[in-house]
Amino acid sequence: MPTTIPAVDVRGVSRTFGRRRAVDGVDVTLFPGECLALFGPNGAGKTTLMRVVAGLLRPTAGTVHVGGRSLRDDAAARSQVGLISHQSMLYRALTARENVEFAAKLYGVPDPQDAATRALEQMKILDRRETPVRALSRGLQQRVSIARAIVHQPHVVLLDEPYTGLDAAGGAALTEMLHILRSAGAALMLVTHNVEEGLAVASHAAVMIAGKIVRHDDCAAVDARGYADEYRTLVLS
Amino acid sequence: MTTVPHGASAPKRDPQALVAKPIFDWFFVVGVLAMVALYVRSLMFTPPDALQGVAQKIYYIHIPAWLASYTAVGITALTSIVYLWLHDERADRLSEASAEIGLVFLTGGLSTGMFWGRVIWGAWWVWWDMRLTLTLFLWFVVAAYLVLRGAIEDEAMRARYSAVLAILAALLIPFIHLSVYLFSAGMHPMPIVLQPGKAKLSPQMLVTFLFGFVAFELFCVALIRARYRYGVKRDMLAALEIAGDTR
Amino acid sequence: MSELRAPGTLRAAWLLARKDLTIEFRTRTAFFSAIVFAVLALCIFYFAWDESIVQPSALAPGVLWVVLTFSALLGLQRSFALEEHDRGIDALLVSPVSREAIYLGKAIGNLLFLSAVQVVTIPALAVFYNVPMGHEWLVVTGVVLLAMIGIVAVGTLFSAMAVNTRLAELLLPMLSLPFFVPVLMSAAQISARVLAGRPLAEAAGYMKILIGFDVVFIIACTLAFSFTLEE
């Protein structure tokens, strides 16, 4: 059965930079339709873990599979993944539409114009589509960046601090879109230091400290509010 | 599966023994003694050349230095291939050590070549001399290699980038060789003060010459060894500092 | 959600090159400054020789190659700086496009950029140095193209490397120039001979070096490119 294949399967992943160990033996399994919110203080290794899962960094040890395949060696597997990171990954001289269309073409989306329009519409930034990204505010750039990441309707979306810089409307658009993606069967992995935002969309939650996952829970199992307090203390510790 | 972070494989094998190893050891002493012996023999116990006079004695340093530099640079190229293949930091450290020592010998070969050229050709520099020109460009490549290493903080990236550069440089050398060859073949030779011709070496000179090769190769390897050991210690020290920071 | 068919290597490379050229067309900074630099350099070099001793037209081939080299470095510098700015390169790397396609795309973009600069520079050279415009120029154009391919093949790779180092601006010329030596030496010798009205056959050896360099380094740099990416 296809649903038994985890969307994201991270096993014993470690990553060192020189002699510094940023990620230390992490296991994460995520099934289609699930959303894992990963919390942690600065320098906990959350971003490194995301980059390893996205295939941008080679794990020093352990394995990463997305949809049962290895992203680093399998181009087709990469086309199922969308990545939103700190940096916008946009070209400042191009317009919002051109950026998203370029991404759509890289993924071989059949109708790039149409797909780009839909993605920009979802992020409520369609009216600024002909504006060069350079001229957009940080928050609007973030919306374009999110549109760029989901234009090919990925099965797995990796989001590194996606709410950063977004205003209330942008945040609401993102939350709505994450729900749509989930109900379409996509698996989401969300890195954030904001516990409320994370828990609002997540089905699972985890806390990462000093390269290790120190807690991992099913959000539905326990009262979300009690959790939030506990998590906040962990993240602040 | 145990995790071996990049750059930490050497300290794992008994760090105490590695730290205790001196940078300069008996091998280095042998190398230095061989060099001293070469100087004494070539200056005091080898007759001067009939045509070139005393200037010819620079041969005993110049040509062995050249060969030693090519040995060192060759080691850099080979260990670079090994690094990209096995990702073993020891290969990278050996690349670094031999490139640095190679640059020293290239500089020695170039400067002695210039002195010799001044006497024999009447010019400090001639572009139509293949070896001189080729060595000059090799010098630039090795210098760029070392500058590149100095400009990258991340160890794994430094090792990968410099290995790529070294391998591309190995592909470049035949092209430079060919183009300098064509260039010098089409040149009018410059006025030559003395005709070096085919050197007629007396048995004594030949022995000094061969001894020069041995002495320089020994000295070169000794220096690379010392530089390699220095690299091991430096990296271990850095590892200890990082370990101290995180605790 | 259906499986997408990612574009093939050449198509992806062309997408990337077109993206780079669009950005170039929008900003025009690098293109404009490369042209101004090239024409300015042409003019300055004219006064670096005594006109009564050396014919300007005899200087022209040498000046052409010096100017081409440095205007190439200007364009190459920009190539990966553009990707680094907001980590656009990450978006390329997570996409299904292959590493080879990224390298080829950047290289094609650089080649077209450099060609566009030469379209202005070479006629300017012919005018300023009084080089008669004959059919030799067809050969010279071909040589320029072959040389640019070699320069861009190596330069694109080094641009990707230099951008990740502390000395980006200084390191690119330092890494690239030794590699340009066989290309420039051959191209300059061929064009000098051709412009002096000598037969091309005289420079056949140099031509072989030029073509051989292009072939070897396109292959080597395409393979080496994936090692220059963050891992």
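For clarity, chains are labelled A, B and C in written order, and residue numbers in each chain start from 1.
By definition in this document, contacts are C-beta pairs under 8 Å (C-beta built on N, C-alpha and C of every residue); 3 or more make two chains touch, one makes a residue touch a chain.
Quick caveat: nothing in here was measured; it's all calculated off a predicted structure.
Engineer: Under the document's definition of touching, what chains do chain A and chain C have as common neighbours?
Structural biologist: The common neighbours are B.
Engineer: Would you mind checking which chain's mean C-alpha position lies nearest the centre of all protein C-alpha atoms?
Structural biologist: Most central by this criterion: C.
Engineer: Across the interfaces A-B and B-C, which one involves more C-beta pairs in contact?
Structural biologist: B-C
Engineer: How many angstrom lie between the CA centroids of chain A and chain C, rounded to a whole number?
Structural biologist: The computed centroid separation for chain A versus chain C comes out at 38 Å.
Engineer: If you average the CA atoms of chain A and of chain B, how far apart do the two points sit, in angstrom?
Structural biologist: 50
Engineer: Can you check how far apart chain B and chain C are, centre to centre, with Cα atoms defining each centre and the answer in Å?
Structural biologist: 32
Engineer: Two or more other chains touching the same residue: where does that happen in chain C?
Structural biologist: Residues 230-231.
Engineer: At least two partner chains per residue is the criterion; list those residues in chain B.
Structural biologist: Each of 156 in chain B touches at least two other chains.
Engineer: Can you tell me which positions in chain A touch chain C when the two form their complex?
Structural biologist: 54-58, 71, 75-76, 78-79, 81, 83, 85, 87-94, 98, 102-103, 105-109, 132, 148, 152-153, 155, 184-186
Engineer: What part of chain B is in contact with chain A in the complex they form?
Structural biologist: So the residues of chain B in touch with chain A come to 1-8, 154-156, 238-239, 242-243, 246.
Engineer: Show which residues of chain C lie in contact with chain B when the two form their complex.
Structural biologist: Against chain B, chain C makes touches at 154, 157, 161, 164-167, 171, 174-175, 177-179, 181-182, 185-186, 189, 205-206, 209, 212-213, 216-217, 220-221, 224, 227-228, 230-231.
Engineer: Using the touch definition up top, name the residues of chain A that touch chain B in the complex.
Structural biologist: 12, 14, 16-21, 25, 60-62
Engineer: Can you name the residues of chain B that touch chain C in the complex?
Structural biologist: Going through chain B, the ones touching chain C are 84, 137, 140-141, 143-144, 147-148, 151-153, 156-157, 160-161, 163-165, 167-169, 171-172, 175-176, 178-180, 182-183, 186.
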